[in-house]
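Let me give you the structure first, and then I'll get to my questions.
Chain nomenclature is as follows: A, B, C, D, E, F and G, assigned in order of appearance, with residue numbering initiated at 1 for each chain independently.
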Amino acid sequence: MGYPLDTLRALGVTLKNLVRPPTTVEYPKVTRPRSERYRASFALLHDENNEELCIGCLACERICPSQVIAITAGPKIQSVTTGKKRGTATDFTLDLTACIFCELCVQVCPTDAIIMTRTQEDPGFSREDLVLTMDKLYKNEKDRPAAWGNATKLLGMQEQEAKKDE
Amino acid sequence: MHWLLWSVVIITVLMTTTAWALWLERKLAARMGSRLGPTMVGRHGLLQPIADLLKLLQKEDILPEAADGALFNLAPILTAVFAIATVAVVPFGEGVIAADLDIGVLWVLAFGGLMVIPVWMAGWASNNKFALLGGMRAVAQAVSYEVPLVLASMVPVILAGSMSMTDIVHYQQQHSWIALWPTLPGLPAFLLFLLASLAESNRIPFDIPEAESELVAGVSTEYTGMKFGLFYMAEYIHTLVSSAIGAALFLGGWSGPFAPGLHWMLLKTLGLFVFIYVVRWTLLRFRQDQLMRLAWVWLVPMGLVLVFMAAVVVVWGGA
Amino acid sequence: MATASLAAIVFVLISAVVASSLVVAAKLLRVRAKVDSPLKRRTYECGEEPLGPTWIQFHPRYYVVALVFVIFDLEAAFLLPWSLIVRELGMAGVIEVAVFALILMLGWAYAVKKDALKWQ
Amino acid sequence: MMQVAFGLVAACLLLAALFSIGSKNLVHGVLWLGATLAMTAVLYLMLDAPFLAGIQLLLYVGGVMTLMVFGVMLTRRHADLAVLREQRRKSRGAFVAAALFGTLAGATVTTPGLDAPAAGSATTVELGRALLTEHLLAFEVVSVLLLGALIGSVVLARKRDFGATR
Amino acid sequence: MSAPQPQHRIELAVHEGEGDLMLVNFGPQHPSTHGVFRIKLLLDGEIVVKAVPYPGFLHRGVEKLAERLTFTQLGPIVDKNDYIAPMTNEQAIFMAFEKLLGIEVPRRARWMRTLFAELQRVASHLLWLGTFALDLGGALGGGATVFLYCFRERELVLDLFEEVTGARFHYNTHTMGGNRHDLPAGYAQKVHATLDVIAARLVEYEHLTSTNRIFDVRTRGVGTISSELALGLGLTGPVLRASGVDHDLRRDAPYGAYDEVPVNVMTETSGDCLARALVRIREMTESIRLARALIDGMPEGPICGAKAIKTPTQFKAASGQVYVGIETPRGELGTYVIAGGNERGAAPYRLKIRPPSYHAMSVLPYVLPGHMVSDVVAILGSLDPIMGEVDR
Amino acid sequence: MTPYLLLAAALFCVGVYGLLTQRHGIGILVSIELMVNAANINLVTFAHFRGGTAGPALALFALALTVAEVAVGLAILLLLYRQKGDVQVDDAKELRQ
Amino acid sequence: MAVDETARNYTHPLYDTLLAAPGLNVLAGSVDQLLTWGLKNSLWIFPMATSCCGIEFMAASASRVDLDRMGTIPRATPRQADVMVVAGTITVKMAPRVKKLWDQMPEPKWCVAMGSCAISGDFYRDLYPTVPGIDTVIPVDVYIPGCPPNPEAVMAGMLRLQEKIALVRQGLFPPHGSSKEDRPETAKMANPAVRRLLDPARDAAITAHQVTLAGTPSPDTVDSPPLPVDASTAGSADRDLEALLRDRFGVTEFPKDAPPLVDAAFHVELARTLRDRGFRQYVTCVASHWPGDPETFEVATVLRSTGSGSQLAAWRVRVAAGEPVDSLCGVFAGADWQEREQFDLVGLRFAGHPDLRRVMMPEDYVGHPLRRDFASDAPCAPWR
């Protein structure tokens, strides 16, 4: 087909798209709904008795490929509710400046203490703004909607049938 | 002295129209790509051109150390001047014209041809390879398409027997739009004119000189701030003016029913402008050698044939 | 001097004033850097240092394009006065001009055949 | 009013011409020539010859200038465009030019009848009529001349063009 | 149009007075180098006389990193190599590790991986089409429009991935022995809905690009690669198939679910930019067909054949060398692992990733000479290089 | 009329001066352009003050001639440059032989 | 209204004049507001897009998020841009170029670091080729976390930048009051040691390095690669590789989990034989370094036959340290770049290679990072 006809056909396509409704979501005004599993930031959780779930086992610190988690393990304490001895973390830092959001830390957590949240952190004016300190992580538990996944669910998904075989 | 008044009015209107033509183009391009375009600066992003202008005015001025300073600084101004000056002979309504020269068409063509000089100047003076290649391409392309442009615009001149744009519009008022009748030299001549105008104002598919996927930003690669702003503006002014000239030469200028002439003229100009931009945001671009080949091998003889066709129509119709 | 000519000249002057006023405004409003990097004024070349000279000697084939353009522009210049009086001169004029154009088209045909208008 | 305008145009024209000769940089020189030619177009407008003014802009400023600019770019490495000139030749040239101007100016000033009122320039229509009737032969010869120039230049410029073609 | 053989050494017959050659840096920062890549171009006017490519501007040392990180940690790391198709990166590296460690992957996981790979191919080719149009049509023209359309539809595919993995881009959804995330309920309908939209829109893109005359004249006969050169340089994927070699690992050395879902291999013979474009555009249609077949026939069962990752040193291999190549959107992505890294063998001793783009870029010195500057952009775009993969 | 003629004379002399002092081929072409331009000014001036079509017609033909002259002149310079690698006209006297 | 001069590297003469003139403060204020509004709302972006984040940046400009809504236009030349968005990993080879492009941008200008790699270097941060965060090279105004940040986050970052521009012009920046170094988070950062080296001495050092690099621009002297060998004589793939190796190349051991080890003398011959037997596709070569006693290098070569039933052919050769391996460039054109890469990274020389230059690392780099004795966190940066 010659140039004029090709041009007309191409114009047909663009004009068709001109009248289609735009797909833009006006971000600051409207936030696009994210999928249930969407992972964008982190939070540390409390259990139903408002006890910190993190036991300072360092599993997440070890698995992190990017080595952004730094935990100071605290002394063993007796759990108020169960009465069992359990570990604590006196400090927990997750440095978002180098995080790759791979969800491995969530998967390896034995107590489902760390999860991911569905809204991202705000951009900061300095690197320090992006450091998720323990305070921020626990604050995220309340401020940001949690993503679907935690260690139990992730492992369950992967090992459900495998266990059956054993 | 009403011409002086018109001069000032026309330039003012042209400059403001250009600003919002820019906005219009951005919106149009955005909608064609399923986007919204500027929405956040002012209502519907209408203040976007103002913000851009204010920003450009504040930007630091950088003169590259290897550049030819005088030419580097002069080029954007000349580009803008030549782009604006073209509009002097375009009638926007009965008597709404800055300079009713009886060589109107020639004036338009001459200034169109002059545009080559500052563009080349910018490319050369920048002492930047991309700019220089862009400048060379711009010159080659502009001169190649100047010939078909001249020949295409000669068709209305022959039909109306005058080079004055006002006379040509009058002729069309009495007969019909040249793009419509006589169809044979008229319509192809209009298309040829449109094509050549696209090439002259470096619009896709003829935007080789500023092909940013190859030449970064073409001749304006080294320009900062308002100097770049002038290039940017001149580009849009050129397109607007080309649309206006096309409207006057081929689409009957201000003639039209119901509404005052000025409305019709502006409507036709805007229509052509939008058409040019819809084409721009639809097509890919040619390569330089393909463009040159198109111009020299096909368009130049076609233009000549059209000119003689128009002459034959006039001779036989007049006899 | 006709009014229209005067108007045209004045129009060009006004547009010059408008264009330069923007540059002047920019001169007033623009910022100046406090610390200047020596790299700032280097020629931009994709982040590299420019390799070799820019102002090289170009190949002659570029010249042919400009040349053919000028010749055809000249042809147009000769056609324009005729185009105003086509009606008056009638078929005779058309033929005269056609001969003129045809002779030039010989040159065009030669240039096209020799691929002289190819851009490389 | 008119005199002042003429004075300004004449001054600009002469200055531009001088710069075009005196400029050290060849590209500048050619561009100054462009300015000279443009000022000449203004002069033509003042002399009621708008058609010639237009042609001057279209052909000379737009066309010949392009040609010369291209010429500059391909005859010489334009990195060093300084134009060589010897002092001796300079003074000799100045003397000859001054003498010539003296003669010409003297002749012009002393010739009577030059101050007659304007008779009015020929219109473009008249010009066209003259071209195709009185000067028909010259008109056709011009095409042959241009043909010669075209073919000659193509031959000269394309000679020994080398490979790398597709 | 040039003969279908690589243009190579062009004699630099520079005559005095015939014009100088111009040396231009094309990149590392250039709108059309698809990342950071540098080509030194020697130009005669606008014709390339010689081209010397310089990769390495994005060399990030992944292979060194693999000496330090363990098998379990490398999954999310290699995502960043070919950042247009992260799914296939993960698949490639875990397939190599699984072969090394002798881990069986359950059938459902293989089907899921294959489904993801095909969806990823659609997304990747869409992105390629958009950027290729951008190269040919400029950011201020029709190219940008095609680019926007392609990205619009690519977002739909990314939404599908987000639905499963929770991430848009770097998924980390493959794991040792299978997948980490199972498909959510109602996923098949969503896949079909998305593919319906894309299949319908593909026709529109073709109107704007491959069946348009301007696209045709810009790509036909440009950057011709002969089949011999392609094989010798180790070109793979669409670039190889466009040169007339009927070779596709999905069919010829099946992995994943490809032995159960046969693949139609798309080939062209001319080996120019147009052929590469056509192969990719047809592959999109084919991938849509495959994805539909895969989601429809998705078997039930476990998604992971090994213990889920709990500690970094969970998997160990002290010796062995393994090479596994899979067909990614760009060609054969190979992983060569030499086991026995950390003292207890939890990390690779040496990991070599064989990126298809690196081989594709090595063709540039052969094809660029003789073409114009505009063609450089077209050729570069038609090779679909991803710098993260070229340089690693 | 006199001022126009004087202006043309002055322009012509500038051209002559250039012709005598320039050694670069393109410089010489520029000078010739100036001189032709001066002549054209004269033609147009006379046409304006004396009437008639001969003046503009002649000017038009002069234009055509100049274009041809520049075209061929540059082409010759080009050839010269190829042979000599330079466009200093004095050094290329052999062209006349 | 005090403007914090430390926060920006430019002066605004007109505004300063207005401010100095008595009674014109109000005017200066409104002029400043207008000008700031202009700066804020017309942020033209220079995308320093190197890797993954670049794709998300493109997605942010595409229709779903559409950065153009806030008036951004991506510009290909730094001369016309206001914001440099560093999207992706910056390597030591690239860093001087980034610095230069940044310098070439006109004031007022800003920098946005997008994604982990640009902010801190991500997991590459202590590897030999990677810059640990672009803020070690140029000043960064806004950091957008994510790997890569999703397009909405890019938009958020740009809005945050607008906020900062306004704050700076009002003199309210930095907002934390205390200086960056005092903040307690600093100590907890994954790589707190690397600070933005705002000290002019370091900038000067980088610049000086570039200027010296730039001092000698010379045309490339390296020849084009050799012509590919015509392999049209190739037959069909040979299925009995083991027999071939045993009979013709004297291989006796065929380990289960690794390619057979072939005498280095047969390297080229074997490759040629295999090519002629249908293994026409050059897949890859892998060099590995084995320190110890004796120190050796191993090269594994993988070939493939194409078409239906595609087969791999792989073998290894072993040489003592210091000895070269014969290059396969004469057999497969693709060996050129592959062997260059192995030479560059592992340090093994290939005899007969026509163009054995560095390919990944900068030309002036010393050492071969993929040798086992090269520490995996040894920093490398010629400009550091």
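Methods note: a contact is a pair of C-beta atoms (placed from the backbone, for glycine too) under 8 Å apart; a residue touches a chain by one contact, two chains touch by 3 or more.
What you see is a predicted model; the values in this text were computed from it and never measured.
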Worksheet, complete the sentence: Common contacts of chain A and chain C, by label, are B, E, G
Worksheet item: With chain centres set to the mean of the C-alpha atoms, which chain is at the far end from chain B?
Response: A
Response to the item:
Of D-F and A-E, the pair joined by more C-beta contact pairs is D-F
Worksheet item: So which chain is farthest from chain D, going by the mean of the CA atoms in each chain?
Response: A
Item to complete: Indicate the whole-number Å distance between the mean C-alpha point of chain C and the mean C-alpha point of chain G.
Response: 43
Worksheet item: Which integer distance in Å separates the CA centroid of chain E from that of chain G?
Response: 18
Discussion item. Based only on mean CA positions, could you tell me how far chain F sits from chain G in angstrom?
Written reply: 58
Worksheet item: Going by the touch rule set out above, which residues of chain B reach two or more other chains?
Response: 30, 32-36, 39, 56-62, 101-102, 106-107, 113, 124, 129-130, 137, 139, 143, 146, 163, 212, 216, 221-222, 225, 281-283, 288-289
Discussion item. I need the residues of chain E touching at least two other chains; which ones are they?
Written reply: 15, 17-20, 22-24, 28-31, 40, 44, 46-47, 77, 139, 142, 145, 147-149, 152, 155, 170, 208, 212, 214, 369, 372
Discussion item. Two or more other chains touching the same residue: where does that happen in chain F?
Written reply: 60, 63-64, 67, 70-71, 74-75, 78, 81-82
Worksheet item: If you look only at chain F, which of its residues touch chain D in the complex?
Response: 1-7, 9-27, 29-31, 33-34, 37, 40-41, 44-45, 47-57, 59-61, 63-68, 70-72, 74-79, 81-82, 86-88
Worksheet, complete the sentence: Given the complex, residues on chain A that touch chain G span 22-28, 31-32, 40, 65-68, 70, 91, 93, 95-101, 120-131, 133
Practice prompt. Report the residues of chain B in contact with chain C in the complex, numbered from low to high.
Written response: 3-4, 7-8, 11, 15, 56-67, 73, 76-77, 80-81, 84-85, 88-89, 98-102, 106-107, 113, 124, 126-130, 132, 136-137, 139-140, 143-144, 146-147, 150-151, 154, 157-158, 161-163, 216, 221-222, 225-227, 229-230, 288-289, 291-293, 296-297, 300-301, 304, 307-308, 310-312, 314-315, 318-319
Fill in: Residues of chain G defined as touching chain C within the complex
9-14, 35, 77-79, 97-101, 103-104, 107-108, 200, 203, 207, 210-211, 213-214, 217-219
Practice prompt. Spell out the part of chain C that touches chain B in their complex, as residue ranges.
Written response: 3-5, 7-8, 10-12, 14-16, 18-20, 22-23, 25-27, 29-33, 40-46, 50, 54-55, 58, 62, 65-66, 68-69, 72-73, 76, 79-80, 83-87, 90-91, 93-94, 97-98, 101, 105, 108, 111-112, 117-120
